[in-house]
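One structure is given here, and the rest of the page talks about it.
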Amino acid sequence: MDKRLAVYPGTFDPVTNGHLDLVRRGLMIFDELIIAVALNPKKSPLFTLEERFSMIEAAIRGYRGVRVESFSGLLVDYVKEKGGVAIIRGLRAISDFEYEMQMALMNRRLAGDLETVFMMPSEEFSYLTSTIVKEAASLGGSVAGLVPPGVEDVLKAKFRPKGI
Amino acid sequence: MDKRLAVYPGTFDPVTNGHLDLVRRGLMIFDELIIAVALNPKKSPLFTLEERFSMIEAAIRGYRGVRVESFSGLLVDYVKEKGGVAIIRGLRAISDFEYEMQMALMNRRLAGDLETVFMMPSEEFSYLTSTIVKEAASLGGSVAGLVPPGVEDVLKAKFRPKGI
Amino acid sequence: MDKRLAVYPGTFDPVTNGHLDLVRRGLMIFDELIIAVALNPKKSPLFTLEERFSMIEAAIRGYRGVRVESFSGLLVDYVKEKGGVAIIRGLRAISDFEYEMQMALMNRRLAGDLETVFMMPSEEFSYLTSTIVKEAASLGGSVAGLVPPGVEDVLKAKFRPKGI
Amino acid sequence: MDKRLAVYPGTFDPVTNGHLDLVRRGLMIFDELIIAVALNPKKSPLFTLEERFSMIEAAIRGYRGVRVESFSGLLVDYVKEKGGVAIIRGLRAISDFEYEMQMALMNRRLAGDLETVFMMPSEEFSYLTSTIVKEAASLGGSVAGLVPPGVEDVLKAKFRPKGI
Amino acid sequence: MDKRLAVYPGTFDPVTNGHLDLVRRGLMIFDELIIAVALNPKKSPLFTLEERFSMIEAAIRGYRGVRVESFSGLLVDYVKEKGGVAIIRGLRAISDFEYEMQMALMNRRLAGDLETVFMMPSEEFSYLTSTIVKEAASLGGSVAGLVPPGVEDVLKAKFRPKGI
Amino acid sequence: MDKRLAVYPGTFDPVTNGHLDLVRRGLMIFDELIIAVALNPKKSPLFTLEERFSMIEAAIRGYRGVRVESFSGLLVDYVKEKGGVAIIRGLRAISDFEYEMQMALMNRRLAGDLETVFMMPSEEFSYLTSTIVKEAASLGGSVAGLVPPGVEDVLKAKFRPKGI
């Protein structure tokens, strides 16, 4: 029996506890998982690729079977190069659903032998997004419990009032 | 029995008859209402804070129990500072619903003793947004009946063909 | 300032912790709450009106400002007779949303001076319904944490294998 | 590396090409698949358990790694008894989505170490359900291409005008 | 140029002002319209086919280009027999949307040369259904403005308290 | 009987096979169709108006009853100037649905004698958008089968790695 590898792609700007929850669930199904950070220059992320990368690395320290990588270009090309059998995506809410199905069908058309599997985060993370985390943090709100401790510190530093 | 104060936050760029409909409905439930105009520089509103503010003020002249204010920073901090017991939000359509639930859950996490209550505008305003009003007005379409008379005039002036 | 009374109507077949969560949130906004159990013979409930009634009564023992009643006929007539200013409904998920808006608009047409306010249960109850609780219990699944302890016992008794 | 077994539960009244499409996709992710036919007396299926069972068996003849079984009681108990690591469900449309998330969260509560994974059928089956197949067939419509050939014959026999 | 005929199918149990609104809009696009009342014994309608039929006939008296008929069997067979080029359906809300797309795709598969066109009723009817009308009327609520006057009378007679 | 003209407006940046599928379906209902390319400077399209225009022209060569035009200003003014009786829009998915209803209601308010009719593209195009086509093409993915051959070539040229 071969090892089953899945890829969990995203912008992770920054990684949240919802993402980590999904990683843990993915590891119940797959032997190995790659968290694949998309360059995504169009989305003009708040954090550099390196920052996003290292926040994830810190958060998954001690997890077995998962590693973080970055990729550019077509996701399906990357997944096949890595020998992955599936793409994992979280399914939170309706707006997600439409977009996710669209992406999954496009990816299937680009690579018919790769499947996207959708998994649900815990209810407590059902409405959690990186965007809302950044918005709250930028206004001085606490995001404890929503992101790993390291990310919380980085967000605080990023949004610290200037000149203090 | 204390007075019950609720806050109705938004960008109001510009205020529409749908917003005013919701204000009237909110006053059936709460003793006092603050229309709280968010600075929202990220959304790059068409109207300045002052313009938005004064259009609302003109529209609610004669209403009892409601006033307009502006705020920046975290909404929940502002509501608590004002002694509000609830945040009011309009519920128009599905896309709203998802986003509104996300915001409400985030606000609950930031302030567990503040609730968001959702109210429905009249059916005739079910698909009315500030964005579509601006789009129609910018192309020379009439928005009479969708916005207060004062806003209609301001929109016309804003989009009057140059050089005439 | 008058006391503000709201009515929280439903079939409550049986009451769940999601319902109770909403009651607690409603009491943050309103001075008094009536949990109004609908007869609903069309839905052929599992529990009699009396059973549903007494399960709620047991569950809200010790709560201040809330009582349970039953009603038949038009909800809006009942609410007005009680002097209520609002109908409270929980907003869980999309399918809810459509149905709830439909009911709210119909109720508004039947009584224009009554508003429906929607509130969100805690995320942990976002997908909890009386129906799914009954289904799980009928198959021997534990519903601890989803319903008040008293309801759990009643469900167990109801679905106990016969002859034991 | 252990074999990864997943269970694909449903009423399959009758099995459609959409179900079979999902089975094929499931086998790209899992080593073994059990198609688990629920007794579901509440839904009063058109076909007996035996009929549904044998239609599936005929349809999957020649597939490797998949077998059909029936179950009653809690799905999660059945899956664990079989040693399954996941429940597979198809994700077709919005109404599905809400119901499926509800079931998945309930199943997770009943068995925290079992995950539900959602997969998408081919677009051509995106709106295909057993119900619509039965409705069309009952009115004399052809369902060729929507169900396996054997099911088509059984449906025709079932709905053949009496006395002919 | 041939006349363009469209068929507007439904159960019409009973016809509402939302249905009539759609008929008027359909006549802006098509030369002729048939309101096609489905037998629908499965839905166990409140009114007999004859009652539903005559309520519609009374309501459309004076309309030009529209007539009412009843049909059984496959809708697409009926439409083609009549020489129709399209099926008209109203689009009110999300739950509608899913079901309507499913039916439209099934009908397209059964008859590839027939299209379903969706039209929107006026906002004031966006949440109006025959079901909610019956529910309100059965509890003694007024449905004036939601149904044609004739239907209002029939509903009142139907739900008049017995023995009076 | 007059000729019935409908207008199919959009940005068409670029035209896809989903658009063309809808054109073909529209021609089953209407005698004439105008594909109306909106200037849409706000959306900052990838292709100039001329490029979008000529890609459509090439794609519809040989179709009878359809022509391509461009327009600026209010859509309803343009449609009336052309003598159109309806606006055609495709209905793909939920997010579409909300936005489309909003636009249709606004257009109805601006011109009460113009209706929007919604038609469904083939299932194989249910999740196809110009945006996802551009995204895939920009990353080197093949979009064959999703766009007309001419558009495929133009996309390849546009995204060809520089310096080669």
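As written, the chain order gives the labels A, B, C, D, E and F, with residue 1 at the start of each chain.
Here is the rule we go by: a residue touches a chain if its C-beta (ideal position, glycine included) is under 8 Å from a C-beta of that chain, and two chains touch if they have at least 3 such contacts.
Predicted, not measured: the structure shown is a model, and the values here were computed from it.
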{"item": "Labels of chains that are neighbours to chain B and to chain D", "value": "A, C, E, F"}
{"item": "Both-way neighbours, i.e. chains that touch chain D and touch chain C", "value": "A, E"}
{"item": "Counterpart interface for B-E, drawn from A-C, C-D or B-F and sharing over half of its contact pairs", "value": "A-C"}
{"item": "Angle of rotation relating chain B to chain F [CA atoms, steps of 5 degrees]", "value": "120"}
{"item": "Chain of greatest Cα-centre distance to chain F", "value": "C"}
{"item": "Interface sides of chain B and chain C: same vs different residues, half threshold", "value": "same"}
{"item": "Farthest chain relative to chain B (centres taken as mean CA coordinates)", "value": "D"}
{"item": "Chain pair with more C-beta contacts, A-C versus A-B", "value": "A-B"}
{"item": "Distance between the centres, which are taken as Cα means, of chain E and chain A, whole angstrom", "value": "47"}
{"item": "Whole-Å gap between the CA centroids of chain A and chain F", "value": "34"}
{"item": "Per-residue multi-chain contacts in chain D, two or more chains", "value": "94-95, 97, 101, 105, 123, 127"}
{"item": "Which chain pairs touch, all of them", "value": "A-B, A-C, A-D, A-F, B-C, B-E, B-F, C-D, C-E, D-E, D-F, E-F"}
{"item": "Touching residues (chain side chain D, partner chain E) in the complex", "value": "93-95, 127, 129, 132, 136, 139-142, 145-146"}
{"item": "Contact footprint of chain B on chain C as seen in their complex", "value": "1-4, 25, 28-29, 31, 85-86, 91, 94, 97, 101, 104-105, 108, 113, 115-120, 123"}
{"item": "Chain B residues within the chain E interface of the complex", "value": "94, 123-124, 126-127"}
{"item": "Chain F residues within the chain B interface of the complex", "value": "73-74, 76-77, 94-95, 97-99, 101-103, 105-106, 109-110"}
